[in-house]
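In this document, chain identifiers A, B, C and D correspond to the written order of the chains, with residue numbering beginning at 1 in each.
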């Protein structure tokens, strides 16, 4: 099979000169004009907001009525925009008719409160030995704006939220998700809302390590404090292994013991790093949050009936 | 530092071994050292990756070879140019460089691919116990020998020979060798010792000892 | 059956280690079933089994004649045809091995379904990348070379649950006797 | 609808030139899901919107027209979580655009596909995550790779190594020395003595 050698460009093999020049010109114009301005998804033809909301109610298996979902999805900036448009259109502020829908601030507050309580309860139930500051740090991380913004954009709220700019800002995304939780709470009840939080916010911890989310500044100090509370002696660190001490790839394995009982060990490039990591490992084993810990039973939290009574 | 980083450091750490080659067979210990240098003793071994460990071999001067391997085995260096074809017997090589014998054994046990050079660079051989301090500090484990260290005859105490059980009785009329050979020793005058004629050409590499060293075939070495 | 506790391995079916040409110390002497020490082992392992909260279990599963080591919350990919669609929950029958950080139970060849339950849910069914196979037959006039393109259907399954439903089979009878 | 085996796929624009056959160089990814899908108690279908552009007259969209006439209602009722838009475009080729929750879009031309194949493509969009056609670097994905602890060179080593000073005397012998001939003879001798005395 003889293949002709032809000139080629990113547009494919060069067949006609005029076509190549035409395409090159188009390409240059495009670069001058710059990227297309961002547009609202609702500006396109194939867009029907009611159908989208209807689908959204069915997507997560929550039975919501469309109106509450519409409220959850409208942002304060959207209302401001409407009022501004009306004043420009000459309507006085007084006789502007009240809108059928309201913005989602209150629902967001409700939702955030529900999520916070539930997360504290769930984490405290599954990691009883974990200190309170750690649980607060984890809930703060889970309810932080960036995490919640990722979650809500992953749930498809990016196009559903009604706001003044095409792509909603993280604050709008977080308000929308919390408002969604609030609307679930209104429609079907708190337990259903908590199951939603468990399924989408708590599962964010799946790939993450609890002990790294809660950054402990001085692990050895915390370890001594914890051991005193348990009535054990202060921790001592011993060198268990040292290979290649004078070489570049040096490895020290340091173990932490209290009264000759093993607490934890870890490796490090230098003795100080190894000791610090050993202290963290000891903390991890004391709080029982290391790898061999079972995973959080996201769907069985209620079946175990442990959260209801609290 | 994250837990998984500490775990990775521990898993891929380079362990330093010490090997006491006194009385050990270089071939058998060479296999073990080659395996450790390549890292095949680790479950995380992967041919592309260099997961090998470092080995410090000491006392290579006191390596033990089987039978008359010192005399009969030789290091064959074949080069295309003339006069560089050498057959150095191991005892001569040992005089030149006491660490070379073990080094060559490990080299032969390694598969001859491109990373062999780098794996061999992780082998440190020392003729005696004298090891630099910064190397002996790195050591964290020791490779065990591959053979039972025999007891030399002159180490035997008379008590051992007495307590050793008598297997059978010598017949009465047996005569042990009672010939006193020192009487028949004759000091060879220097002029009688055959001089080494300088031979060029094909024999040059082979003819450098006054006794015949059949490197290829196994023959009795005639020492006069 | 072979139960290994941490470092000490109890080889119930004692076999002489053929490979080692030196006398291997027997870990467990022959009439082992009713010995007191092994009873404690059985009870200890069964207690570990009941303690569901703190033990992350892992299992070795055979799916589409491939064996996979799975824990909960991890995703395995089955290559060829797989009937269940997205959202279907599956229970894996061929479980070869179950274990946690303290014990490992090895089935010969598979474990009793009443003892172990491994469940998963189908997350995604996609097509793999376009794979090409090049075929060349010399001295053929019409078609000497052929490119054969295809895409395999892939199924992603997330393991949702690994549970031990009862004490280890074979250990409770001997303790009750 | 179950996805039966489709090994030979006549991809609409599958020309050899566009196919990149060097395995190492093709773009590859690890397995991942959106938002830990499937971990909690529910599974969220990732397809949000489905737009079908069809021409009422042209022969190329005959399959698409059949599908819309016969299967569209059943499909919409079965999957209420997917919004389906049908766009009649005069004298244009039929297309299928799937928009996913995370914002990805997938475009599949349906020209000359019959009703069964259109149905197959729609269900392949339905069950996808949004970005197919990646080479998988690994066939599985785990967040907790090891439960019993990852091997380190120190796991199976006795702990007293750090206390020893090297070169160590008792570490030079063989671990399981074979019984030499002299030891066997001495053992036989002791046994003989024992038998004689007992």
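As a working rule, contacts are C-beta pairs under 8 Å (C-beta built on N, C-alpha and C of every residue); 3 or more make two chains touch, one makes a residue touch a chain.
All of these numbers come straight from a predicted model, not from anything done at the bench.
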item	value
Both-way neighbours, i.e. chains that touch chain B and touch chain A	D
Chain pair with the higher count of C-beta pairs in contact (C-D, B-D)	C-D
Rounded Å distance, chain B centre to chain D centre (Cα mean)	52
CA centroid of chain C to CA centroid of chain D, Å	18
Chain A-chain C separation of Cα centroids, rounded to whole Å	33
Distance from the mean Cα position of chain D to that of chain A, given in whole angstrom	24
Of all residues in chain B, the ones touching two or more other chains	7, 10, 13, 15, 140
Residues of chain A whose C-beta touches two or more other chains	206, 241-243, 253, 267, 291-292, 295, 299
Set of chain C residues in contact with two or more other chains	56-57, 73, 100-101, 160
Chain contact graph, described as a line, ring, star, complete graph or other shape	other
Complex contacts: residues of chain A adjacent to chain B	209, 211-212, 241-247, 249, 251, 253, 266-269, 273-274, 276-277, 280-281, 284
Residue numbers on chain A that touch chain C, as the complex places them	1, 126, 206, 288, 291-295, 299
Residue ranges of chain B touching chain A (in the complex, touch as defined)	1-3, 6-7, 9-10, 13-16, 54, 134-135, 137-138, 140
Chain D-facing residues of chain B, complex	7, 10-11, 13, 15, 18, 20, 22, 42-44, 53, 58, 129, 136, 139-142, 144-149, 164-165, 167
Residues of chain A defined as touching chain D within the complex	45-48, 51-52, 54-56, 58-61, 151, 153-156, 158-159, 195, 198-200, 202-204, 206-207, 239-243, 253, 267, 291-292, 295, 298-299
